[in-house]
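One chain, chain A, appears in both complexes that follow, with chain B as partner in the first and chain C in the second.
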Partner chain A sequence: MKTSWKKITSLLLPGILALGMLSAGCGGGKSSGSGGKTINIALHQDPPKLDPMMSTAFVDRMVFQSVFDKLVDLDSKGNIVPMLAEKWEISPDGKKYTFHLRKGVKFHDGTEFNAEAVKFNLERYKQKKSNRRNELKAVTAVKVIDPYTVELDLDVPYAPLLANLTDRAGMMCSPTAVKKDEDKFLNHPVGTGPYAFKERSKGNRIVLVKNKDYWKKDSPKADTLVYKIMTDGNVALVNLKSGQVDMINRFPLNEVKKSQNEQSFAVINEPSPGFKGIVLNTANEKFKDKRVRQAIDKALDRNAIVSVALSGVGTPAHSALSKSSWAYDEALDKAPAQDIEGAKKLLAEAGKAEGFSFTIQTDTDPISQQVCQVIQKQLKTINIDMQIQKMDFGTLLDRGKKGDFEAATISWSGRMDPDGNLYDWFHTGTSMNYMKYSNPAVDELLEKARGLTDQNQRKGMYQQIMAQLSEDEPYIFLYHDNNVFGLSKKIEGFVPNPDGMIRTVDMMKK
Partner chain B sequence: MKIIIKRIAAAIPVLFIVSIMVFLMLQLLPGDPATVILGQEATPEAVEAMREQLGLNQPLLIQYLHWLGNVLQGNLGQSLVDGTSVNDLIAERLPATLELAFGSFLVALLIALPCGILSAARPNTVIDHFCTFISLIGMSIPHFWLGMMCIILFAVELGILPASGYVPFFDDPVENLKTIILPVVATGFRESAVLTRMVRSSMLEVMQSDYIRTAKAKGLGERTILFGHALKNAMIPVITTSGIMLAGLLGGLVITETIFNIPGYGKLIIDSVFNRDFITVQSAILVSAVFVVVVNIAVDILYALVDPRIRLGKEGA
Partner chain C sequence: MVEFPERRSMLSIFIRRYCSNRQAILGAVIVGLLLLAALCAPLLTQYDPVYDQDYSAVLASPGGTHIFGTDDLGRDTFTRLVYGSRLTAAAAILPVAFAFCVGVPIGLYSGYKGGFIDQWIITRIVDALQAFPSMVLALALAAMLGGGFMNAMLAIGIGFLPAFIRITRAQVIQIKNLEYVQAARSIGCSDLRIAVVHILPNVMPTLLVQITLAMASAIISEAGLSYIGLGASPEQPSWGSMLRTAQSYLGTQPWVAFFPGLSISIVVLGFNLMGDGLRRALDPKIKD
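And now, the complex of A and B:
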């Protein structure tokens, strides 16, 4: 026992050193080039549910772009283009959609893709437990006309249908795999997409392999596609710099300016279809009076908010639709200049000249906090004392749904059809109408606009709705955030899409 | 042996109380699991249906007993979020954290023992000041910052180690060591700081005791005195600190795991809290409570091994 400690230390030390050197030595040789056949993409969150029926998270959709094909897709300009459906017809009354399907397409498990598969999927999405139910609500029947033709019957004309089919509601899962074990499907998705699911390790990575039989010629270009989960933006960035990932989906905003002249990667900065802002609870005594809400709107300087909290990476906003939408109206979305006097006047008219105090609930994201702090300062100028209450997003959402708040920062990632940014938010009694807002004129317009097929007519109506919303101010629009990607210069073939998704099918590593 | 069994028996009520406390505390959390799982677009009917499906509408006592009954049969339950077995989730996450914890612990020992002993052997010399300086740095530098700096140096600038991630040892031992070395050093360095101070002060105290003076008077060599006589006596408080440290590491590596993007146990718990995945949180915390208990029993046994004066029997009485 006398010398045991000495022995142990003297044995261990060189051992550890040797190990360290060994691993460092190997590292030098291997880490630089990994063959060029694997594309690594960092995601900011672990996708919770890889089943399009169950999915509710934004990040799920990123992985879906590789595993699943949709009936129709969006091109980089936001047009609806063929995907699994080669062409389609819509009846003049807008109540019948006929899709002609691509032939010779197979799911990753070998099951054939045909009209029966479409029927199976759409009916599955219409079930009670499905989160896609709302998107396909208007569809009353899915009919198989022949093996490669399928017809959707609607009870009312519903213009957003095609746009919905470019997203989760149009994604085709293998009927065989779903029937075999539906509970397992969300961790073992099987689609027809360019890459097939291989394995996932929760919180770590999702590995996909090339679909050799993909219907699009010469695609996909890589052998393996790995989504690496990196919850911290700065961690993702160092991985991009060191070449461990080729693309990151949430570039840290305060690094955007510094990274403009990087040699090894590019920053892609595109407006998203979503909106960020403040939900005002119109059922609450403090915000019942429209003039109070208008006063808050007037007192804010959106440019300052964007430049302070987002390092200037974002677009100051005043409406629900961003540039990425065909119904966008520049005049309506332009952030009004701060008007302190006007705001004070409105408050005085509402009998609150002395000001008042309220509490805003916000999530723990540092950006939300900063946004709130800037707003807090700006509202002080009209004697409004805003308290900030932080909570995790789950609690925030729960209270939002229950109406247990005065004001809150809840935002929306956005949908490609304007209906998706407006109907479920501002129609009376809808699922995201946290404001408890109700305006019969708006309700009527929302209903009418989704029933029309003429885009120009719809556009006019949505603009009318947005004008009314800027008058009523149940929701204070602050800005549209940008989708900011970091993309290694080794990657070719990535084209940004207005829906903010990373389509991997044509991506290639040099 | 009897005593060990006694200690284990004493641990059972502790674990039982932990299970009740965790269960009740989670109930106090605002935010309903069904709302969190279904997200923004969910209608109230869908939320209600989900609550029913998850069994959240049952009385608390039933929910608790149901969970406990399963746990006693070795079934830690199913994740509320996606129905995965919690046993699998834990089995998947635990190896990374165990490796991290023991690795950091080893690094801490490798720094603390030589530094502490040297400091104590040569108090108030350059060596002592140097070691004190090192441990001061260890205590004052936030380890997430140190981790970041390591990543920038070794992964971005030199490119010899991966910036982050984790590869299981049995998949690829070399890759495993490459991914684990930075986090282990960054965390171990911080942990070594307190331990160094502990070793030093404990050694100093022993060095001033009568029997060491006798040994010196007898003319024994310094090495024999230090390693043969002083060290073992000085180890008792060090073992206590190490035990607490190791137990802490097993549950509290969240920051390291986040910086180095390691899918570990700490992250599992934190993510599950945010997802309101009650079952996973309850079971994972219970498992880490078991670890703490095991480490404590191990520490008790080590006491006896290092210092025969401490009889396990006496302690029991």
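And now, the complex of A and C:
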């Protein structure tokens, strides 16, 4: 019969839809690199920009850990330790930092690493077009004292500086390569790190090779390092099970419990320094009244959200700082129990006893959508009708910046210094203050806290700030997520770090 | 075109011919069941498709109180399928209605008038639109218009336009020189009257087939768009987005994907069988 083919196709198409992901998993099955000394790591996204100056994505930083060294690094306990700077001094007034650099370090292109290179990089990061500008804002001058000594002058004391230098702002790029062709550098980074960039194929893989002249003795341990892009967590997991990759950076949360006793790989589950939640646009008529925001906060059952959407892998939260921070305060972070009556009362006081409706904008990540649907149900109990509008992440951020939204799920991957989780989010007019929140008392505390060097004094101030934020509720904190890795038992030498980055330098394949 | 002596016998001949085809009956039954489910959804199930989230029964297997199991938020899959039939029925009807209402007048005009506008504007635009596979076109349009069910409907509808314009135009060109049209013209009927009263009814049988086949393809497109996140909003029980959610559990809880996938397959098959039956029943070249 003529039409039988059409019928067969009609039957097959939905099946193909459902099974499409499996074939995606089988693609690119060719083993890469040479022999057994290749470590393959699956990343959940293709890193958009491989230049630390331009980078804005979390996943870029994963690759940077292998290509670049930083002036200082973080150890597994979150302490700041030497890297390209062997030691440093801070003047008593906190306005002068002197770094003594490691000698005999070379960039992958042969350029020598020295004080001039540091000056070049930091000044580059301070340019107007740089996304690192804010992290180094306090630095007014970079002075070369001798070939291996650099001095940073600050206009005001700025405690988070060292923590910032453990990340992108402290990464050293080869001045020769940057000067030669800055646009090309974006896709061909040159640093001093344990692995040198070899090639990338967009959306597929990034290949790095061993830096034979690496300054750290007997490191790195593998010949080739390949980052494979696998946007679907289940596909990555299948590849980990079959040995196509040795490590995955976003382990599917619903598989965590089942995988505890796996023979071939381990699940590494560490609290991240970030926070997840809902931005409420306080400039919007609907959320102007603080009591409305408090009512939403009270109506939520965070335990249900974490247990359903995250399969229990995460911590219900009520503040911007997680356990991984030294300024963490358990009492402030404890999620309050759901209180429907209290929420209704607050809504009534705000003149919205009848409830109201609003639209939340969210990205296409399945977890964001689960979270939104659970919240949608919980808010219905206090007569709030929440519509879910999904869009790609770029559009979401764009609208967030423009203030073109009522509520949105925008989260933060977290920084090691508490200032990095608070200042740019909650100070009036800062870059991530999508809420349009402004409280002079909070502004003053934020400014004061970053100028102090005494950790205890700072901790007290951050606690005050967080207490005020739980009163004002511009941002509804929901939970702290975990960094969950899957690691093949063939890999040795991986140590989780509180910043959630995979440091490959000491990783070795059996 | 065969001219039937009486209106009534034309219908009865059509019904007799349609009913002599068992596959066509099956198709009509499936489509009928879909419409019935869409109409009577609240009577068929005790749960709410969005708000009845039972966190103690997340991803439950089929059987017991949840005959098709539950999804990632503990919602009853059967309930969501039943309510989802409303979206599926809407997905079958809306884009096709759009393509029909816009495409047929354009095709009529283009085919009847001919000339520069027909040859150089409408035909060229249709050719250009047709260069894209309809799913790719729908994807691009949905991405441009932004997510949401209605935008997806519009995108799919625009994707169908070329087919409707072309088929109407081709039929009109064939019919417009037949004697009865010339007769109508010679007694002074207006162009509009000739096009609508004399030509359109004779184009309808062909269009009817196109409509049912387009409905099948619209359901697949909606499922596809929802699957990649450009269709219905996440809480809406669209079969496509149910499939998308189920993808994460394909390795461990395959039944979550099984039922929406099966439903889409059956309904699309139903529309195709019906379209096929209609074509055979309406085609004068096929003898009983």
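Methods note: the second predicted complex is superposed on the first by the 475 of 510 C-alpha atoms of A that agree within 3 Å, B and C clash if a C-alpha of one lies under 4 Å from a C-alpha of the other, contacts with A are read in each partner's own complex, and residues count from 1 in each chain.
Everything that follows uses one rule, which is that a contact is a pair of C-beta atoms (placed from the backbone, for glycine too) under 8 Å apart; a residue touches a chain by one contact, two chains touch by 3 or more.
The structure displayed is predicted, hence computed values, not measured ones.
Participant: Examine A:187 and indicate which partner it touches, taking first as chain B and second as chain C; both and neither are also allowed.
Facilitator: Touch status of A:187: first partner only.
Participant: By residue count, is chain A touched more by chain B or by chain C?
Facilitator: Counted on chain A, the partner with more touching residues turns out to be B.
Participant: When the two structures are overlaid on chain A, which partner does A:204 contact: first (chain B), second (chain C), both, or neither?
Facilitator: A:204 contacts chain B only, not chain C.
Participant: With the two structures laid over each other on chain A, which partner does A:215 touch: chain B (first), chain C (second), both, or neither?
Facilitator: So A:215 meets neither chain B nor chain C here.
Participant: Applying the touch criterion given at the start, work out whether A:326 contacts chain B, chain C, both or neither, answering first, second, both or neither.
Facilitator: A:326 sits against neither chain B nor chain C.
Participant: Applying the document's definition of touch, where does A:376 land relative to chain B and chain C: first, second, both, or neither?
Facilitator: Touch partner of A:376: chain C, not chain B.
Participant: Between chain B and chain C, whom does A:242 touch in the aligned arrangement: first, second, both, or neither?
Facilitator: It touches chain B, and chain C stays clear.
Participant: After lining up the shared chain so the two structures overlap, which partner does A:228 touch, if you call chain B first and chain C second: first, second, both or neither?
Facilitator: In the superposition, A:228 touches chain B alone.
Participant: In the superposed arrangement, which partner chain does A:401 touch: chain B (first), chain C (second), both, or neither?
Facilitator: After superposing on A, A:401 lies in contact with chain B but is clear of chain C.
Participant: Return first, second, both or neither, reflecting whether A:388 touches chain B, chain C, both chains, or no partner chain.
Facilitator: Second partner only.
Participant: Show me the chain A residues, by the header's touch rule, that chain B contacts in one structure and chain C contacts in the other.
Facilitator: Residues 3, 6, 13, 19, 22, 232, 234, 238, 391, which sit in both footprints.
Participant: What part of chain A is in contact with chain B in the complex they form?
Facilitator: 1-3, 5-6, 9, 12-13, 16, 19-20, 22-24, 26-28, 31-32, 46, 48-49, 56-57, 128-129, 131, 134, 183, 186-187, 201-205, 228-232, 234-235, 238-239, 241-244, 391-395, 397-399, 401, 410, 412, 424, 431-432
Participant: Provide the residue numbers of chain A that touch chain C in the complex, in ascending order.
Facilitator: 3, 6-7, 10-11, 13-15, 17-19, 21-22, 232-234, 238, 252, 254-255, 258, 304, 307-308, 364, 366, 369-370, 372-374, 376-377, 380, 387-391
Participant: How about chain C: which of its residues touch chain A in the complex?
Facilitator: 50-51, 53, 55, 58, 72-74, 146-148, 216, 220, 223-224, 227, 229, 233-235, 240, 243-252, 257, 261, 264-265, 268-269, 272-273, 276
Participant: In their complex, what parts of chain B are in touch with chain A?
Facilitator: Contact set of chain B toward chain A: 29-32, 35-44, 46-47, 49, 81-84, 89, 92-93, 106, 110, 113-114, 148, 151-152, 155-156, 159-166, 174, 177-178, 181, 223-224, 227-228, 231-232, 258-261, 263, 267-268, 271, 274-276.
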